[in-house]
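Think of it as A, B, C and D in the order they're written, each chain with its own count starting at 1.
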């Protein structure tokens, strides 16, 4: 089950992410973002983060992604103007990303851990308690930003 | 699945975001790329929490904050994008290059 | 707890009061300014009252110590000086002025939080609060549409830096299992199984601070933002807002340095690139605000060099230089503000013959510029001396030699301004500068720079007495 | 008692500066009274101090902690020993005389108050430098001296050339100060002290010998200081600022650019000469190398002085050359001889400058021929002063320069340093040649009948000597005559003077150098007075051009600035536009689109900045990981 959720979520996230950065139509890109966010929410479930998955869907997808789409729809259709791709820019960006990928991948490969067995997902209660005790300060600060 | 799988996935999403930041011309496209990068960070937090530090909730809470900050950032960014559109009649970042040197 | 967090609560209270007072937009601009000034004075009093507080709060995520409390005093002082010197808010659109005051205190609150943050979560929340306030303030400019452009660049670079930083935090979390700095130090001491994640995480987190400090490679926003933002905002950016970045970056560097010597080299090299870049590009500028942007980039480079200094002397050096950095930039921008009264952007040409238009201002400018260039016996020289000798004691003698050469280079463009101000002829269309509203403030700040140069002991000894090395280590 | 006197000497000028700034800027008379009172107090105190010294080992030091509470760290205070007291006396007496002189010279200037305030500030800085007990205070005052010089050179700031010269002087000397700062850091980090006494006491210890790059601290500190000395004392390669500094008022040139500030570098060397006494072979080599550079500077600048037509510039180049002699003395270990030349040179060079000022004031021109045409030779007192000063500069018996120059020559002779000795003798010839040239040109007025200024009208018409100028000129002329004897009479109280081992060395060098100086003066007379010999410069046109262009040193500086500094800034400016953009746009497609990439070089694009940031962050992580 967790493998399936991971593969499905990861596929959704990757495809969505790719769409989000390569689609020339901004509207499609926004949909790509929404896909990624949904896929990520799916990934959170095998990571014992059901609550976060729900919040991800509600806030991230429901508010952020939708507001982007909403604004695209309300605004004059500048997203339909598709500027020509600049080949050099694409190649350059890919180059930079590849350079960046090397250290990231090396760092990632250095850790390995398998799925902890019999790990009970934290309950909403637990998270709420932590929020109101350990993390109460940033929580109270948060509304100001 | 192992931790590495999640980390690789998040690194890939982060790099997609970085690519978008450099390649996209449309400012809304840039916003989408930023959201991708932030999202990659949240996957990391969740994965580390689950695999390495089970029984705690720090990573999950951090993810909550990331989601919230991303929402706030998106709002501010969109507001500025519209201000740009009013002035320049374009939201192409390459056009916004009067300041140099 | 109320007493311990007095300055933060004061800033918060000021923010709320201004929010409600200006809510209906029926308060006159003049009244709002007076309220702002009074409230910032109140924040300063609160910061001074709370200077002896110490302790770890909120589950070890917030640390009050002599270091943070002193920085809060500096920030509160900077806020008040900004409220006073930034008096003529002409270039900010009238409709947005109440927002300006509101954001002013929001940024102030965020800076104070940054000085004390002891957990990446608090750090990030505070940092975003500061950034959002500044993004908005930069865009507030009536006369120039480019201000929105610089705001866009600012937010794009800032959002990228914070995204990279956040990704770095996630790696640090992976390595330590906690967001607290205490845990970070513990895992730096021991070799945990995941320590390979620490270093990339730390470097990526660093980028957020380099952005705040306008240091290479995240410096690109600064010249645009300084040039096009209205001058009170530019003054705010150059003076107080940098203190927050310095305060936090140094705390991090100081904690990490003993365990990761490579980190020191990285900071040192970035410092050298930053200062060289700032000094050399400054030479070609014609807009004075842009020139001072590059100059402040260079100054950030000197500060970063001091950060990697010898453990016991570096904190005093960095804090001392931060204090005088604040003073020098306040004076310089106060003069720019006076010149900007009629809305034009000061260029080198508008400095021509400043001495004949207003001798006091020319004198203040001379003192501030020579101090920035590090000419003894002004405070800037002592600040540099402390920074450089600390770095030299830390074993970075070649970096220091390079930095000294840099400070000579910088004299070139500072003297350009001095030459224009003292030896130039007054342009025909120049407006009389007889009645400057903030003369006394300028005078006081200038005298402070001179006195701190002649008798730096008043400050250095006080700072040594605060025993930063002990308070900085967890 | 001595401490109080020392404090009074140093503080009275700064008090005068503050008072003038407070009440005297608009009231010239008040400013003059304050300034001269302060100068007199300084002079009296400094003289009492100097006369009270009977023992070369005399030393009083008082320090107060300053930058930190720990008194072992950074202090200010005063160090009174024969070396500093001699210098203090020179500074106070010259400044006293110059201020008297300025009463007349500046009487038509509207901003006299400011002038006297600046002079007072300068005197304070110079005296603070002189009595500094540690390197840090030295450096502080050293920079303050530079600032005072900047303000005074640029005093006539309505002249663009003055403003430029002031800036040039400040920046060039400050370039040398990089060396001072590095020496400071080296001493502080390596030796843990900046106090002269402590440094000298430790000089044999292990910390001094701790090797940096194979040589001890003494070598590196010395080399760093040499740069500073080259800046302040106008030695190769940083001497180009001094002649330009002549744009300042002439009393300023006399005070700062002849007698005091430029001597500060020499004094600093003398102060640090314990490195030489106690130091290693390498340190002695380094100092000797400095002496050679100084000697070459002396010859080069002396040669340039030959072709100058501006009277002040002749003396400016001559100053550079004489400073070279002093450094030769100290660099080869004859501190007393070097200081003696500093002492006598202060008087006769100040005299020459003030005389030049009197001519310029009277004739309203700097050119020697113009002054001569205007009847400069009719001014009795200045002509007498010019004669005395020139004799002293050329080193004829019994004028002061004879004794001091011979002291250095004798030292070289005794040491058997034949190369330097030979070069020094050549220098004597050149000095005599260009110095007497000025006198001959003054006496031999070139006839230019078609100009209104014929000899008939030139009977001192319109020429007058300011009343306050007579006293300083007369006094300095007298001092130029006797200063050498005074030194010989008193110097055993101040310095340990080595007895010449070869009994005849003094006589031999005296005879040889006098003969050579006489030959120089005689040859010069043949060329410029009797005009029986052709001007050697006329036959050596290439060399003459070289001299007229001042060895092309200024051009070299400009070439460096233009070809090096400006392009670097331009380049860095373009880093953001071309390199960063090029890196982003060009990876993988360089060959295809290189040209287009440049043509399209739009700037200010935020995404290029982002690309740079990503690359840098990635590179840092990568480099750190692979270690």
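Here are some notes:
In the analysis below, contacts are C-beta pairs under 8 Å (C-beta built on N, C-alpha and C of every residue); 3 or more make two chains touch, one makes a residue touch a chain.
These figures come from a predicted structure and were not determined experimentally.
Ranked by how close its mean Cα position lies to the mean of all protein Cα atoms, the top chain is C. Once the centre of each chain is set as its mean CA position, subunit B and subunit D turn out to be 62 Å apart. With centres set at the average Cα position, the gap from subunit B to subunit C is 27 Å. Averaging Cα coordinates per chain places subunit C and subunit D 40 Å apart. Measuring from the averaged C-alpha position of subunit A to that of subunit C gives a distance of 34 Å.
Shown for subunit A are the residues that touch two or more other chains, namely 89, 92-94, 96-97, 100, 103-104, 107, 111, 134-135, 138, 142, 145. Contact of a single residue of subunit B with at least two other chains is seen at positions 14, 17-18, 21-23, 42, 49, 52, 56, 58, 61, 65, 69, 72, 93, 96-99, 101. For subunit C, residues touching at least two other chains, in rising order: 121, 125, 128, 132, 152-153, 156, 160, 164, 171, 174, 194, 199-200, 224, 281, 284. If you sketch which chains touch which, every chain touches every other chain without exception.
Interface residues of subunit D facing subunit A in the complex, by the touch rule stated above, are 583-589, 593, 597, 607, 611, 614-615, 617-619, 621-622, 625.
Interface of subunit C with subunit B (complex): residues 121, 124-125, 128, 132, 135-136, 139, 145-146, 148-153, 155-156, 159-160, 163-164, 166-167, 169-171, 173-174, 177-179, 194, 223-224, 227-228, 281, 284-285, 290.
Listing the residues of subunit A that touch subunit B in their complex gives 2-3, 6, 10, 13-14, 17-18, 20-21, 26, 29-30, 32-33, 36-37, 40, 43-44, 46-49, 51-52, 55-56, 59-60, 63-65, 67-68, 71-72, 75, 78-79, 83, 89-90, 92-94, 96-97, 100-101, 104-105, 108-109, 111-116, 119-120, 122, 126-127, 130-131, 134-135, 138, 142, 145. Subunit A meets subunit D in the complex at residues 86-89, 91-97, 99-100, 102-103, 106-107. Within the complex, the subunit C residues that touch subunit D are 152-153, 156-157, 160-161, 164, 199-200, 203-204, 207, 216-218, 220-221, 224, 262-263, 266, 276-277, 280-281, 283-284, 370, 375-377, 381-382, 385, 388-389, 392-393, 397, 400-401, 404-405, 408, 411-412, 415, 419, 422-423, 455-457, 460-461, 464.
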